[in-house]
Amino acid sequence: MASNEPLLKAEGIVKKFPGVVALKGVDFDLYQGEIHALVGQNGAGKSTFVKILNGIYIADQGKILINGKEVKIRRPIDAKRNGITLVHQEVTLIPYLSIVENIFLAKIPFTKGPITALNKKEMESFARKYLELLNLRINPWIKVKELSVGEQQLVQIARALAENANIICLDEPTSALTPAEVDNLFRILRDLKKSGKTIIFITHHIDEVFRIADRVTVLRDGEKIATLEVSKTDPYEIVKLMLGREPSRFYITREKVFREEEKPILVVKNLSTVPEKIRGISLTNISFDLYKGEILGVIGLLGAGKTELGKALIGLEKVVSGEIFIDGKKVSIKSPIDALKYGLYYLPENRRVEGLVLTLTVRENIILSALKHTTKLMGLRDINAEKKTALEWIKKLNIVTPSTETKAMSLSGGNQQKVVIAKALVAKPRVLIFDEPTMGIDVGAKVEIRKIISDLAKQGLSIILMSSDVDEVLALADRILILYKGSQVALMPNKDLTRDIIMDLMSGGSTNEIVFSSREGEHMEIST
Amino acid sequence: MKRRGYKALSTTALIAIIVIIAIIIIGGVVYYITTQQQAPSKIKIGLFISNLGNPYFVALRDGAQAAVNELKNKGVDIEMEDFDAKDDPNLQTTQIETAVGQGFSALVVNPVHVEAIQPALQKAKDAGIPVITTDRDVADHTLRIVFIGTDNVAGAEQAAKMLIKALKESGKPTPWKVVILNGIPGTTAAEDRKKGFHNILDQYVANGTVTIVAEEVANFRRDEGLTKMESILAAQTVDAVIAANDEMALGAIQAIEGAGLTPGKDVIVVGYDAIPDAVQAIKDGKMYATIAQSPFLQGYWGVYAAYYHIAKNWSPSEDWIPTPTVVVTKANVDTFEQEVKSPKPLPGAPSG
Amino acid sequence: MGKTGGSEGLVDTIKNLWSKLSVYEEVKPLIALIGLFIASALLSPYFLTSYNQRILLLQTAPLAMLALGESMIILMGSIDLSPGSTMALAGTVAAIVHISYGQPLSVSILAGMATGAAVGFINGLLVTKAKIPSFVATLAALVAGRGMVLILTGGQPIVGLTEFRVFTEAIIGLPNMVWIFIVFTGINLLLLRRTSLGLKIYSIGGNEEAARYSGINADLVKLTIFTLAGFYYSIAGLMMNARLEVAYPWTGWGYELDAIASSVLGGIQLTGGIGSPIGPAMGAYILTLITNILILMGVSPYVQWVVKGAVLAVAATALTRGLKYVK
């Protein structure tokens, strides 16, 4: 390492939450100028740990030393004064302020006096300095709410840089980024490292550890398992340490089916939409069909229109032209209620924001879409029937929860996702539309969710799987629909396809353009 | 499952025990306090006033207090508590309802509204608590022993006569243009005063010496008096204003001054009630006359009537005991207050 | 040694009991209520008399109806500023139908209820169809509703409503309007906890987006609940007619804030989705109790406002403890 004395040292950090011990005496050291990855399953305590370093939580026991001197970090501002900052996993920008203002906010805690005159030009040049570091070339006066999630993530990093922090903690920064954006981020991180900054990097993606980190610390169930030099370990060892057992495969494989003789359940013809928000994505001429028991993978970069397509199918996007047929009959879907009537169910990308009612119990969430099945006369609820249904699904999907009466907010991400799936299945849909079902959940849960999706297809449900994880789609889908900037680039059977081909097409097919593809033609025609 | 059932039972049982203990403690304490505080011979009077923000009713309260003090000095074991309803009939009902359960011997009530007060007074009647109304009466006379208040018709007639007198003195050409500002319609005071004004003025209207150019409702309020008068002055010239209370009259004076005219000279103003601001206006020559009621006597007599009723089983022969009104002009502006604030014996009171 | 062990055991038992009890959302307001009740009993010997307890319930009834209606709207994450005006308008219409048009009591009561429901329905339409935030939509109803009352009455009370006594007459020891509010408290408990509509209300308040994706017709639920709340307010208005036997045009002036305060005192979170169905009735009782004890103690009504405000702030602090921050 660069020096023998650690820049930051944490000793015996303990943090208890009501009912759980999140950290059980974690020791940690960090050297100047290193990129230190922090890995572990959900609930291992990664986020809790960096939140303690940043004064968002206060440790119950243990101490933090910087350059050998003990420091008290009780509020975020204490951390910032000690040169530590955190880029949150969720977006913590103020949506109705511009990029410039959001970045400039970083400076405000360090200005003297309660009121400072603001100079637009100064603010802009201040912000631009950091935006340029990140290669972010957009109008800096755009409101943050108009940005994509990936762009927002970069603005958050710019803000962290603007705080002039020495230690930058990144909590799963790549979970919402496209591959190109990830490359860009890693380039930035390497630059930062070169300029002497120290980085703590939380991730779910083991490959990222090997692409960027110098050392890696593995946490499991609130305990530190090991800190390893990345050059002296391998992914297999890390995953094994994370899980505490031999890892099973990340991607399950599935027998692909190609049925042509049947009639499709769902046919979409030339679907075009206009966005509700400014800078939203419009879909143009999307056409595909979907068969019983089939998994249709929909893949594209951030901003390709995957979510918009999902929402358009359940009536939440403004459709300007195109037709949807179900069982050969033309239908008009204007709301999720209509969609449910035809058996279409959309599982949104953002579980916490769109998928679950966190203030309700697991039981109530599970039955939410199918209240008719568990109510008696006059809408009177049958709590026993609800419990029975909830328990049945908790068992079927292996949802880890203390009871049916636990509030959804206290479950882990993976289990929340399973509750969302259970809620969808209780409504007995025929077509399930998954939007990024494994994003932001831990490795173990990812495998489980993929297994569930595969099993559902086996049971005869038709599935539209929208994902930016190419390997996931390759492993699960029977056919793949590739979107680029709201247009359909390709629709092809998942046969002899490789990661590279798909990546190329996803990025707009810089060299090739697919002009025609469908399941009837089992080959792709590529013209140059 | 069995264990869970047992747990739930024990929680319920614990709650039940806590609640029972709490009830026993409260019950015990209350029993102790209530038995300690029994003092049966004392006379306790509740005074319910529509709005103590108004100096008029402060005088009423002072009069009642004066009577209580006088009786105390005579060795009567009496006390009084007053309640301010802030002109909210619902609050007054709540106050009277609450007081009925509180062991008052009699209630002296100045109702916010003649009808809205009835359900509350019915409760007092049901509980056998005698009620005396002051200043404003209740619609159903069986709900009270007696009403003590101004003869507003007579007072208003006096006011209107003063207006005519002033107009004659001014030498303004006839027909004199007169504005009437009335109080809150439906209230006894407003209706009676309106009646009194018209009793006099209508004769002059009939013989052509007076024209009533505007008759407006300003709800006894100064701000409404101001805005109403401003609008009237915008349309025509006015010789005199007669208002059913001083607040409206003072509002009118502000409007007259705002229009660049001189109150008392260009426009003669007559008010009613003789509140301190109006008295000052008379001193300044801005107001010609006002009518002083005797709120002090209303409160004073109210308490005495209640006392005689309880202690001497007295019942008045009259349904209404009128309190005197006094015309206030520049001539008696410094002396009238003593006149209305000096205690006078209650007419028809039992001897001793 | 044994003694200290024993007291520690007791502390543990209490802690244990508290952790079990605090699961129930009703517990905190109930403790506040019991605490104030005991304090009041100690402060005035007249407080605990059966007469005083009767009128306390009687005075609670109209506010409780407002709070029960308001709380359903707050649980959906919306707010309603119109209860005071709606109750006045419903009471006025009932009085006019009864007095000016000489209709029987039953017809005038139905007219009043229909008026309240109609105001709620319009609020609901403004929120769901015109997409006006509920704060603004119901602010408009607050102002316009009061204006309509003043137009209809000419600012004058409508007198002679003696037939409305059916509300204040007693059966089984308590006035009918007390029974009405008790029944409606039960209805709210049943509706919110035991019907699908109730779950929909909680889910919309908890996460409207998720509720919509789950196939819940959030607009229909909102429209229904705004209408139902308007109906509740109208009953409060009829109760006020009965209390004074007069339809007073300024009835309910400022009551929207009392209704919101009752909901908050009852543990309803203003962000929606959290709170006990019967909490608001408890909150209304607490507010009325404060007025009652202050009158018993002979405190000026102006001071009463300050005391009410202080109690509200303290209660809200106790209820929100443990939250990181609120807006």
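We call the chains A, B and C, going by the order they appear; numbering starts again at 1 in every chain.
What we mean here is this: a contact is a pair of C-beta atoms (placed from the backbone, for glycine too) under 8 Å apart; a residue touches a chain by one contact, two chains touch by 3 or more.
On a predicted model such as this, the values are computed, not experimentally measured, just so you know.
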item	value
Between B-C and A-C, the pair joined by more C-beta contacts	B-C
Centre-most chain, if every chain is reduced to its averaged C-alpha atoms	C
Centre-to-centre distance between chain B and chain A (centres being mean Cα positions), rounded to whole Å	71
Chain centre separation (chain A, chain C; CA means) in Å	42
Euclidean distance of C-alpha centroids - chain B vs chain C, Å	33
Parts of chain A lying in touch with chain C, wherever the complex brings them together	314, 335-337, 339-340, 345-346, 348, 353-360, 364, 367-369, 371-372, 375, 378-381, 383, 423, 427
Chain C partner contacts - residues on chain B that touch it in the complex	11, 14-15, 22, 25-26, 29-30, 33-34, 37, 81, 83-86, 88-91, 93-95, 97-103, 113, 115-116, 118-119, 127, 139, 184-186, 219
Chain A-touching residues of chain C, taken from the complex the two chains share	193-200, 202-203, 205-207, 209-217, 273-274
Chain B-facing residues of chain C, complex	17, 20-21, 34, 37-38, 41-42, 44-49, 51-52, 55, 58-59, 154-157, 159-160, 165, 168, 240, 242-246, 248, 250-251, 291-292, 295-296, 298, 300-302
